[in-house]
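In the two complexes below, chain A is the common chain; its partner is chain B in one and chain C in the other.
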Partner chain A sequence: MLKYLIKRILWMVPILIGISLISFFIMHLAPGDITSNEAAFNPETSEESRQKLRELYNLDKPVIVQYGLWLKRMVKLDFGHSFKSHQKPVFLGTTDKDGNYTKGLIEQALPITLMINLLGLAITLLLAIPLGVLSARKYQQWQDKSITLFNFIGFSIPGFWLSLLLMYWLGVVNDWLPISGLHNLNYEHLDTWGKIKDTASHLVLPVLIPSITGLASITLFVKNGMLDVLHQDYITTARAKGLTEHKVVYTHALRNALLPLITIIGLSIPGLIGGSVISETIFAIDGMGKLFFDAVTSRDFPVVMGILTIGSALTLLGNLIADIAYAWADPRVRRGVARG
Partner chain B sequence: MTTLSLLNTPSIKKTLPLIGLLLASLLLTACSNPQNEAVDYSQQFPVADGGTMVDAMIGEPTGLIFMVSGDSASSAITAKIFNSLLTYNGDLDLKGELAENWSISQDQKTITFTLKKNLKWADGKPLTSHDVLFTWQLITNEATRSPYASDFQLVKKAEAPTPLTFTVTYAQAYAPALDSWASLQILPEHLLKGQDIHTTVFARKPIGSHHYQLDDWQQGEHIKLSRNPLAVLGPAHIEHLVTRIIPDKSAQFLELMAGHIDSMGLDPIKYSRVIPARPALKKKLNLYKELGNSYTYLGFNLKRKPFDDVRVRKAINYAIDKQEIIDGVYLGLGINIASPYKPGTRWSNPTLTPYAYNPEKARSLLKEAGFSDSDGDGVLELNGKPFAFEIVTNQNKEREKSAVIIQRRLKEIGIEVRIRAIEWASFISRFINTGDFDVVILGWGLGLDPDQYNIWHSSQQAPGQFNFVGYHNPKVDELLEKGRTEMNPDRRMAIYHDFAKELLEDSPIVYLSAGYGLTAIHKRIQGVADPVPAAGVGYDSHRWYIPQRYRQNQISEH
Partner chain C sequence: MNSNLFNKVLENPLSKAGFVIIVSIFLLAMLAPLIAPYDPNDFDVKSILLAPSWQHWMGTDGLGRDVFSRMLYGGRVSLLVGFVAVGISTAIGIILGALAGYYRGWVDTVIMRLVDVMLSIPSFFLILAVIAFLTPSIINIMVVIGLTSWMSVTRLVRAEFLSLNDREFIMASRTLGAKDARIIFSHLLPNSLTPIIVSAVLGVAGAVLMESGLSFLGLGVQPPHASWGNILTDGKEYIQFAWWLSLFPGMAILITVLGYNLLGEGLRDALDPRSEAK
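On to the complex of A and B.
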């Protein structure tokens, strides 16, 4: 098992380098650089100043040289500074000689996105598992049909449209929830309880809407897993020996039906840290999705590469953890790994 | 297990219809009107200091030193924090800001600014001509990466002989100089000396001299400004200005409807359809309309055939119905222009009239240029080649819609048009800088200074320069050179009237429209100049005030 783990972790290094190389070249395939921004079309600006900027950031050198320079910094885990945001560090914050702390861009955005997405995932699972189980037990009956209908309505409604509608209904027509942002303007004057309440009310819509629209696929997974399991021999055996229906379903069937969920959660890790441009834009949340989108449109290469590298490292790590969790949960897998 | 026991059928049987009901009621109520607010905002109150005004912007400033950040979000904030030597008054004429007055030497090469007495930075330190000299040295420094340096590099010698005098000498008379000194925000020497302008923390914690000073900047959330009691132009009335960062315009509008923000720029649909249709909104919002600062045009690649032929350019100009674009795209909220200057200002030549919509004239001009539909397929040909081209524009809804309207009108006279909309950075690098386009739809600013040397002079055609349409007209070149060295405003005006006339006659671009700037401001903000002065609605925002009765529970004031 340990040998397997070490092997997997060592393999991650060449994979990461490969990913970064491909990302770097694809990024440079798009025309334009940091100087092709809105100021590029202001007649008061000059081409000389743009050229000066290109030279400073080595953008005038061949792509392969630029990649080498980037890799050299990465070896020291130096993610560099943003071209656009006034030399802000890409990943972690830095403190200058006068003790002024400048927060890193990813350091700022990642916790927000992670919090929203983890909460969303928890709510999705909390709803999807019971709904999926019920669907399987009442297969083809009205309960199953209405759950499926509800799920697919949620799945088909465009998230941004539902968001705007709910923002209007809950924030404008009724003054029940804040419309956008993460904090109230007088947040800093609130007491601790007030701060928690304020943040929670700001989070309701950004968390709930993706969980509703994401409900369908997980419910379906649980339902199908459950349907498979419910027809297995050991369930028939359990029923035959006179166990209560409750015990059959929740103790014997559900555990096995939930195994594929581990894979699904493992696969959802890139989404957890990636964030969503559309929802973050609508709700004015300064998260990873918008950071990445803005970095791409302004050709802020260090930020783009920083997010891709951290994202892929976390994804590989997530896959590894999912595999280990699978082995932990399923003895069959464990034996397979030990043999291999 | 607690969640799982939820499944037991009785409870779910009750909840499911409930969820359905909830969803249905949600959809229904969402379409109804918001409740009327109880507060009556129609009363006028006397001027009072205090209160908080909240607005929103779609992007976050990259930093608060404008000479190096250079984006419009930064300038919106720094314009409230820093002063320049000069500024424009309500009628868009230059007046002193930090400068009491200025004089131009006999040989027209030296400008002497006399500063107002007793100027102070917000931290109480005196603001003198040495700060101005320092700012000039900073922007022209080799190590400073300012996109706006070129105007200031023309200064041969800058001096601060006394704390109240600042003189600049140019190698030759440079008329746009005054405008450039109205745009350079003066920075404090005592806080920035010896710092690296690109990494200094000053960009996030600036100290200026204008009406407001930075209080608090929450990354990605809001920027809070507070009144500067030492403001060199006298203190403003409103105590706090908060700018929230809300990237989505629809979300901004919802915040405006809910009364959480006090002002925002509108698009024509919200201005002329959405708000007028809602009495509750009309009751609490004032709408303002001003001539915008830019115009949209259709620009030809003059280096490509057949656009090198003035008859072809004129024909296309006659074939496009500009009023139709203004009505269709801007819902009538724009005007037709005939020169690249704000109508009504001194630089705009009042004798010029835009090309009228005249398809017959267009057809005859094309015929003159040798085009005819020889194979009868409805498309004109020249030497057997059909007249077809591509309009490229960036992803901007208004420009895309204009392109579609133009496409239809040109088809009527036998020209086939394809449209391509491209993301901005790709558009600039792939099409504009390489000169690889037939026709573009883009916009230029209606500059306050008439000098447009960078856009129209034939020497400005290298990649990355702004005469990318490739315009070359010796007469225009001469006028632009003359206009740059003529300091007398009246003689300068005559030069630019001639320039605009020549430009209209030559038709290197088709002026499509100049859209209005549309703003909604909550009625609790009083003292807003109406009618809006030429300089725009926000021009005298330091005179705005919020009566005590209309101050909401926004930010507790300390």
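On to the complex of A and C.
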């Protein structure tokens, strides 16, 4: 297992280098020198910060040297400072000489996006597993057909449109739910219970909408997995032993049908992070997506490159965790790993 | 595609619906100049934010433009972006997948690592950054979506090639002294075509959604050109007193994407020998 782990982690190094090359290349896509007015059209950019930028990226040196130096700083997790946002550090916070800690932009935004996506994923799984199982058990019957139709619509509905409609219906017409941000203005004055209630009501829409749109693919996946498993011999054996249908389906079949789901969840991470751009912009939530969108539109290069790199590293990490979880859950893989 | 397959797809009511949707939208978009009752970019200060009526089937927007006409022209953008973007990604995918699957060895390793790299970067971030830095335009959107979505086709073609490579007819052809190019283009590729078509049809659905999302964020098709995504963005501002601006473009995106998904899955079922066994 340890050998597998080490191999798996070493494997990530060339991929990380590739990712850094692409992020670096993107910065150079912008027309002209990245410190020129054309590129950094943000009027807040002062001559001083432009000079800082030139120094930061060593723009007077050849491109290959620039990349090398950038990579060297990146290894130390130093992504520089934002052009906007009062020169806040991009990734991790710093403590100045007076001992004041300034939180990094990504450090601040990442937990919010992670929390929303993990909650969304939990809801998706809670709904998708029973729906997928039902669809497989009632294959080609009306239950399966309705779930399939629902899946197709879920696949096809633009999340931002659904957000807009629900926001209007639940937040504007009926005033049941708040429609922007994570907290009310009076948040600081609420008691603990009030704070929880306030945050929860703000989270309903941003969490629910991605889980509705993500539901379709997971349900379909569970259904196909179950269909494959239900025809296998060991299920027939379990039935022949006289086990109840519930036990056959939920303890024997489901376990094996769910195994590949681990990989699918790992693979869905970049989509989840990327998808946060639209939902966070709509609901005015200060997570990674909104931070990235604001950085892109104001050409805040250090933030853009930082998020691209961190977002990709997170994806790699997610896939690694998924692979380890898979090996842990599936004895066939685990044994195979031990031997190899 | 042979006619047998075509009939098989049309037997399934869901994929038949998908086919009818796509053909109708295609016709509406192509015939937009003939059908559209107004010029899509014509301002009319006397008819701002009118509700749907006989004069304006889908109402008018904040500048008094006819929404139905704008929807028709927006449909052209969606079709164009979908087809061109998928054309680009499919072409790249076929070339890289064929190289990896046919030559294997280090070529395969390099290409597959490139796929891994591209798959680990959240593609929406990548697309957003590239388009914003290059300045948004229809051409840039099509190219960038194409350049960031070729990975699944590459994997698909590679897998097909790998499994076909050891089959007798390929070996026979090789023994007869056929050149690499001949084996690839007249034997391997035609036999891998069906899954490529399925993935292309489903890919169009993804590209349409992506374009509308980008336009919704203001980084897609730029005004005054109409796109379903940017009609919706305008509609967002007026949602309290002009529901039609938000409803119709969203419905159009939903129906179009649904059409491609239904057709794509129908094709997959029709082509999958396992589907009959289930």
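In the analysis below, the second predicted complex is superposed on the first by the 294 of 340 C-alpha atoms of A that agree within 3 Å, B and C clash if a C-alpha of one lies under 4 Å from a C-alpha of the other, contacts with A are read in each partner's own complex, and residues count from 1 in each chain.
Methods note: a contact is a pair of C-beta atoms (placed from the backbone, for glycine too) under 8 Å apart; a residue touches a chain by one contact, two chains touch by 3 or more.
From a predicted model like this one, the values you see are computed outputs, not experimental measurements.
When the shared chain is aligned, no partner comes close enough to touch A:Ser201: not chain B, not chain C. Within the superposed three-chain model, A:Gln66 lies out of touch with both chain B and chain C [touch as defined at top]. Once the two complexes are laid over each other on the shared chain, residue contacts for A:Val304 go to chain C alone; chain B is not touched. Residue contacts after overlaying the shared chain place A:Leu185 against chain B, while chain C stays out of touching range. Of the two partner chains placed by superposition, only chain C is touched by A:Phe292; chain B is not. Residue contacts after overlaying the shared chain place A:Ser217 against neither chain B nor chain C. In the superposed model, A:Pro270 lies in contact with chain C only, and not with chain B. In the superposed model, A:Ser146 lies in contact with chain B only, and not with chain C. Between chain B and chain C, B touches the greater number of residues of chain A.
The interface of chain A with chain B overlaps its interface with chain C at residues 30, 39, 153, 164-165, 168, 172, 281, 297, 299.
Within the complex, the chain C residues that touch chain A are 14, 113-114, 116-126, 128-130, 132-134, 205, 209, 212-213, 216-217, 219, 232, 236, 239-240, 246, 249-250, 253-254, 257-258, 261-262, 265, 278. Those residues of chain A that touch chain B in the complex are listed here as 30-33, 36-53, 56, 84-87, 96, 98, 100, 102-103, 108-109, 126, 129-130, 133-134, 138, 143, 146-147, 150, 153, 164-169, 171-173, 175, 179-183, 185-186, 189, 250, 254, 280-286, 290, 294, 297-299. Partner chain C is touched in their complex by these residues of chain A: 14-15, 18-19, 22-23, 26-27, 29-30, 39, 139, 148-149, 152-153, 155-161, 164-165, 168, 172, 227, 267, 270-271, 273-275, 277-278, 281, 292-293, 296-297, 299, 304, 307-308, 311-312, 315-316, 319.
Considering their complex, residues 1, 3-4, 6-7, 9, 12-13, 16, 19-20, 23, 26-27, 29-30, 32, 34-35, 54, 59, 62-63, 68-72, 145-151, 180, 183, 198-199, 201, 203-205, 218-222, 224, 242, 244-248, 250-251, 254-255, 257-258, 260, 423-426, 428-430, 442, 444-445, 447, 452, 454-455, 462-466, 554-556 of chain B touch chain A.
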